[in-house]
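What follows is a pair of complexes built around subunit A, which joins subunit B in one and subunit C in the other.
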Partner chain A sequence: MSTIADRLIEDEGLRRGVSRLTPEKIEKVFKELIAGECGARLKTYVESCVRCGMCAKACHYYMSHKDPSYTPVAKVSQTMWRLLAAGGRVEPQVIYECAQVAYTECNLCRRCIHYCPLGIDTGYIISVVRRLCHKLGVTPQYIQDTAHSHSAVLNQMWVKDDEWPDTLQWQEEEAREEFPGLRIPLDVEGADFMYSVIAPEPKFRTQLIYQAAAIFNAAGLNWTMPATPGWDNSNMAMFTGDSEIMSRVERAHYETAQRLRVKRIVMGECGHAFRAVYDVANRWLGWKWHPVPVVHSVEFFWELIQQGRIKITHKYADPVTIHDPCNIIRGRGLMDKLREVTHFLCENVVEMSPNREHNYCCCAGGGVINCGPPFKNVRIVGNSIKAEQLRATGVHTLVAPCHNCHGGLEDIISKFGLGMHTKFLGDLIYELMEKPEAE
Partner chain B sequence: MSFAQSWDFTPGARVVVDDLGKCSREYEWLEEPYVSPDGETVARVAALPDAEFSMAVGGEVWEETFDKIWYPRFSPDGRLTALVQSAGEWTMAVDGQAWETQFGYIWGTLFSESGDVIAAPIQADGQYGLAVDGQPWETLYENANQVLLSRDGKATAAVIQAKSLAQADIETFQQGIFSVAVNGEAWDAVFVNCWNPAFDATASRVAATVRRTLYDYTIAVDGKAWDGAYACAWGPVFNPATGQVAAPVRKAGAWGMAIDDRMAWEPRFAQLWQQAYTPDGGKLAAIAAVKFGEFTVVVDGAPWGVTFPVVTDLTVSPVGGRIAALGNAHNTDFAVLCDGKVWPGRYDMAWPPVWSPDGAHLAVAVERGGRFTVVCDGKAYPQSFDKCFAPAFSPDGTKVLIRAVADNKLHRIVAPVAAFTG
Partner chain C sequence: MHALYDLAVGPLAWLAFGVFIIGSVYRLLAMRALALRKDGAFVAYVSWPHAFKSLAHWFTPFGALGWRENPGVTIATFIFHICLFLVPLFLMGHIVLFDTFRGWSWPALPDGAADVLAIVVVVICAYFLWRRLSVPEVRFVTSAQDVLVVSLVGLTFLTGVLAYHRIGDNLVLTTLHILSGEAMLVAIPFTRLSHMLFGVFSRGYIASEFGSVRHAKDW
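Take a look at the complex of A and B:
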C-alpha cells in the first residue's frame, strides 16, 4: 500500500503555502477550527468509524487504483485522524499531504455514505480538512485563483461587470438570426424566474446561453437574467474552504433574485453550483432553507415537458447513456426526472451500471478539476473505473447535465479512447426542438 | 423641493395611456413598460424594423434610433434615460439626446436623490470608471465595480483595481491590488479586497469593507483601516448625524454590530445585515437572524418579537424614526412588518415599502394570485390591477399615487389614505 507521501505533486499554491507554516501555527489554527467550527458531527464520525473498510468499493479512486490508500477511510486516516492524533501539531509537509488528498483525491461526491454501515460522510470530514488548509493558506494555485475571482467580481472567471450583459446581448443578437424577436430579458423585475449560470458559460460556452434562450423563447416563458453581479451561481470558494467568500457570492445571488422579485431561480446544468446554492451557502448565511426556491435545469426541463411546452420534431436516434451527477442525484434525488427527460428526447437509452444514486463520480467535481493542470492526471487515472463503466455501455453519446462532469468525462473519454461525446440536456433539446423555418 | 410637488395630486382616477401597445412607428415588438415617477407616461423599448431600436414614450418614438438600447430608467426628476449603442459605441441617452462622449460599454445607471445628476459605470478601451452627466473620470482603472453616486450627486466612488494581475497569480492578489476611488482618485492604501463603499451624509467621507489578508476583515474609512480584525464583515454605513461608522462583523461564529471598531451589539446573531440609520441618526436598525433560520428586525440591538424564515427590504422613514421591512417564507406568504408589528395580509410577492414624507404612512405594492394592488397602513386599495408600480405619496403625506396597468391601459389614481379600506 502506498501513502500520499509517495505521490506528491508540485503545486505553487501548496508549496508556497507550507513554506510559511510552523508546527506551532498549524496547531493553533487546527485547535481553533476544531473548537470553533466542528461540533458533534465530526466527533461522531471520528468516534464511530469501525475501520471496517466497507467504504473502499464506494470510491472510484480506490476502484481505479485498487490501492488501499485511496479508500475513503484511508483518506481520513491520512488527514483528519493524523491531525487529531497529533493535536494539530504537525510538520508543514503534513499539511501539504493533507491538502493534496483533500483537494485532489476526494470529489466530496458522497458515494461512500451509501456504503458505510454507519452512514459516515467522508466528504464532510474532507471538507473540514479543506477548511483547515484554507485557513493555513495551503490551497492549490488554480482553484485558489477562482476563489480570488469570486471575491473580486462575484464570479468564478474574472468576468467584469460590462462583459456579462455585453455577452448576453451578443448572444441575443446571434439568436435573433435564427429566432426572430427572441429576447434575453435583462433585469426584468417581476419575471417568473431568474435564470442563473456558471461563469464558464459567458466565458467559453456561450452556446449554452444561446440554447437556453432558444428553449425558453419557444416555450413562451416569462424569465429574466440579471444585468448585475449575482448572476454566477458557481462557487469554488465552497470547495477551497473559504466559507466567508462562498457566502458573499451566494448572498449576492439570492439578493439579486429578491431584488428582481422573481418567484424562483432556475439554474443551468451544473451540479456543484446547485449544491452551493441549495444546500451549503444558504445555510452558512443563516437561512434554514433557500430564501428563493431553486430549480435545477433537469427538474425545470422535466416540468416544461410535463406542461407540453417543449416540442420536438423527432427523437435522438443514436443510443445514449446517462451519467448521474452526484450533486443533483445524491444531493437532490433527480434521477427519475433525469431519466424521464432523457427518454422523452431519445429513442434508445442504455443504462450504465451502477447508476442512479450509486453512480460513479466523474472525478472532476468537488473542485478537483479546478485544481488545474498539475492534477489533471490524478483525476483521469483515478477514474479508470468510470472509463470501464462507460465503455461497457457500447454507446457513443453520453448525457451529463453538469459542467464539471462534462469536463471530467471528456478527459476520460479522450484518455481511454472511448469514442464518445458528451451532451447537455440543453444541447439535445436545442437540436431536436421545433425551429422556425429558415427564410 | 422634491419633484413630487409639481405632480397632480387631485384625488381621482385617470387613464393616462389608453393603449400600452400604441406606437407612432411601425414596430416588431415593444418591451416591458416603465412608468414615469409622476405616473403621467410610460416608456417602452421599441424594436423597429431593420434591427433599429428606440424608446416609445407615451407611444411617441424618439427621433433618434440606435443599434441597441437597454436599461430604460426614469430619473427621479422625470427624465427618461436609456443605454444606447450606435456604430459599436455605447453611451447614455437622456430624453432622446445621447451624451456626446461614447464608451466601449455603459451599464447600471445611477441617479442622485433629486434626479439632477445622472451617472453610470463605463468601460473605455478596456479601462473602467464612472461617467457623470457624460463626463468620465479623469483616471480610469483596470477594473472598477461596486459603484455609487452620493445622494446629493456631488461625488462618485467605486472599488478599483490598482495593480495588474497575471493569470492565476495568487501571490500578487494576496499582497493587495484593490482600493477605492472617489471621484476617480484612488486611496493610497490597497487591500486584498474592498467591498460595498458607502458615503457619509455630506459625501465627504467613504467607508468600505476590506480584507487585509484572506482571513482578516475590517472596515476602512477614507483608506484607513480599523485596528480590529474580524472573521467576516458586511458593508458599512455612516451615522448621518455623528459620522460614526456601523458595520455587521463576525466574531467567534456569530454576528454583531461594530460602531467605530467597538462592539455596539454583541455578536449573538446567526446573521446581521442591511443596517440603516434613521435620518436623524437616532436609531440603528438591521435585519438579523436571532437563531438559525429565524429572521427579524433588530433596532438598537433589540430584536422585534416576530420572526420569519426570510426578512428583506428594511426601510426607515424620512422622519419619525419608524422602521418597516418585508417578511416571507421562502419567497411566498409575504408580510409587511412595521414598527415591530405584522400587517394582517399575506401576499405572493411584495415590493419595497414606501414611507410618506412625514413618516405617518406606509404603502406597499403587493401581488396575490397574479393580481396587484397597493396596501397602505395595512389596508388594501379596493381595486386590483394586472400590475402596480411603486406607490408614491403626496408631499403632505395625505394621498397615495397608484400607478397601475389594467386592460392594457396605464391608470393613474390619486387616493386619499382613507380610501384604503380593504
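Take a look at the complex of A and C:
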C-alpha cells in the first residue's frame, strides 16, 4: 500500500529544515514536547483508538483519493504513532514526511469527530505534530513566510504600519463618491464595535473593506477600525504550530480593542481567524472566555437584519447554494444564522448535501492553502468529493462566508469546470441593499 | 490438568478480577490527575449536560453520522458489545460458579439464548478479523495488538461455546476458556481494550467542547 513516502513533494522550507536535524536532536525536542505540552488528551486518543477505520469516510482527502493512507487514522499512524513508537528517535526524513502530512494533508476541519465513536480529535493530534515540526524548524516555506510577517509587523501580509491607514483612507475616499457622508472611523474610542479583518483584505481585496463600510454606513452604526497594528485578526502562526507568535498576535488584537474601549469586536468573513480569536489563542493566553466579546460577520449581519437595519431593494434571483465553513459551523454553530441571512437575501436557496455540521471542508483551511503552489494540486485533486457535491446542486452561485473557503472553492470550481462563482454575504448585501441617496 | 483447572478457577480468577478492577480504577484516576495537571485549558470546558446528550446519540444505533455512514460495522459492533456484557454476566454456567464459591446468585439467561448469543459473538469476531486483514483502510492501521485483542475475545467465547457443547476434551477447553477469559479481563486496563474505560470520557470531553464552546452538535 502506498504511504506518504511515495508522494513527497519538494518544498524548500521543509528541505532546509530537515537538513539541520539529527535523530538525537529530534528525540530531544520530541520528548520535551510530549512531557511539557501534552497530557491526557493525546494519551487517551492514541491508546484507545480501536483502529476501526470508521473515520475514513469523514475525510474529503480519503473520499477523493480513495487511498487508505489518507484516512484520518492513517494520518495519525504515519505521524504521531510512528514518532511515539520510536520515542522520537527517527531519521530527519521521517520529519519531512510528518510535516507534509500534517501541514498539507489535513485541514484540521474536525469532520472526523462526527465519525469516530470514541470522539478522537484527529485535528488536535495533527496540531501536535505541527507543533513538533515548528519546534524543529521544519515548516513549508510559504506558510512560514506568513508567520514571519505576523512576527515582524503583526499582520499576515507584510502590510507596513503606514500602509494600513492609507489603505483605509483610500477606500473611504472611493466610497465617498458613492456615499458622500461615509466615514471609515479610525481609532474612535468608545465606539460600539471594532471591525477587524484579515491582512489579505487591505492587500488584495480592498473591495471588501469598501463594502463593509458601505453596509455599516447605511445601517447607521457607531463603529471603528484601529489605526495601529492589532487590526489583523488572521493568524497563520496558529497553523504553523508557533503558539508563541500566535498568542502575541491575538494579544495585540484584543488589547487594541481594549485600548479603544469598544463594546465588542466584529470580525470579517473569515473562518480561520475566528478560530484563532474565539477558540484557540485565548486558551494559550490563559483566558477561558474573551476579554472583549467577539462576533463573526455572519452573526452580526443576522443581528442587523433582525433589527431591521439592513434593507434590501430586491432579492437575489438566481438560485444559490451555501457552503458551511468548518471554523464557524463546527467551530461556532452559525449554520442557522447563515441560512436565515441567506434566505433573507436570496429568492431560491438550494442546499447541498451533506451540509451544516456535516459539511465537507473546502480543503483550503487549516493553513493548507497557505502552504502555497507546491501543494496546490494535492488539495484540489484531494477534494473531488466537494466538486461532486457542488455540481449536484446545479446552481451557479455559491455563498461562502470565509476567505479560505473562497480560495479553495474557486480552485475547485475552475479545475473541475463547475461554472460557479463564489460570494461573500457582504458581496450580496452590498449588491442588494437600499443605498442611501447621495445628498 | 485438574491442578491447572483448580488454579484457574481459584487463585487466578481472584487475581484476574483484582487486576481488572484495581487496574481500571488506577488508570482512570491517573488519567484524571494527568488531565487536571496538563490539560487545564481543556478540562475547563467540560460540561456534563452536553456530554450526556452526545453520549445518548452515540449509544443509539445509527444515532450519529459515523454510525449511519458505516452501517455494517454499526450493526456488528452494537450486537457484539451488548452480548459481550450480557452473556458472561447472565450465563447460568457463570452464575453457578459464583453461587458455589461465594453463595451469590442472580437470574440467568435461558441456556439456549445465551448459547446463540455467544455464537453470534464468535461470528462477529471473525468478521472483525476479516475486516482487519482485508478492508484496506483498516489493514493500513492494524498492528499486532489489534489482532491480538479481537482474537482474545473470540477465543474466550469460542472455547466457552465448545465447552458448553462438550465438543473436544471438556476439561482442556474449559480450562482454556477460563484462562483466556482471565487474560481478557487483565488486558482491559492495559491495552486498546481500555477504550471501555476512556471512551465515554473522550467522547464526553469533545461533546463538551462542541456543545459549550462551539455550539454545534458532534454526532
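One rule holds for everything that comes next: the second predicted complex is superposed on the first by the 435 of 439 C-alpha atoms of A that agree within 3 Å, B and C clash if a C-alpha of one lies under 4 Å from a C-alpha of the other, contacts with A are read in each partner's own complex, and residues count from 1 in each chain.
Everything below uses one rule, namely that a contact is a pair of C-beta atoms (placed from the backbone, for glycine too) under 8 Å apart; a residue touches a chain by one contact, two chains touch by 3 or more.
A quick note: this is a predicted structure, and the numbers were derived from the prediction, not measured.
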Partner chain in contact with A:R16 - subunit B first, subunit C second, else both or neither: first
Partner chain in contact with A:Q141 - subunit B first, subunit C second, else both or neither: first
Which of subunit B and subunit C A:P165 touches, first, second, both or neither: first
First (subunit B), second (subunit C), both or neither touched by A:Y115: second
Which of subunit B and subunit C A:K311 touches, first, second, both or neither: neither
Partner chain(s) touched by A:K288 [first = subunit B, second = subunit C, both, neither]: both
First, second, both or neither for A:V188, with subunit B first and subunit C second: first
Subunit A residues contacted in one complex by subunit B, in the other by subunit C: 37, 283, 286, 288
Interfacial residue positions of subunit A with respect to subunit C in the complex: 1, 37-41, 43-45, 47-58, 62, 68-69, 71, 73-74, 77, 113-121, 279, 283-284, 286, 288, 329-333, 335, 354, 357-358
Contacting residues of subunit C [partner subunit A, same complex]: 31-32, 34-35, 37-39, 41-42, 44-45, 54, 58, 64-67, 69-70, 73, 77, 131-132, 135-143, 146, 192, 194-195, 197-199, 201-207, 210, 213-219
Touching residues on subunit A, where the partner in the complex is subunit B: 12-13, 16, 36-37, 134-135, 137, 141-142, 144-145, 148, 151-153, 160-162, 165-166, 169, 173, 176, 180-181, 183, 185-188, 190, 227-229, 242, 244, 247-248, 251, 258, 261, 263-264, 283, 285-293, 372
Contact footprint of subunit A on subunit B as seen in their complex: 28-29, 31-32, 47, 51, 68, 70-71, 104-108, 121, 123, 128, 143, 145, 161, 167-171, 173-174, 178, 192-193, 195, 211, 214-215, 217, 231-232, 250, 252-253, 270-271, 273, 289, 292-293, 295, 309-310, 312, 328, 330-331, 348-349, 351, 367, 387
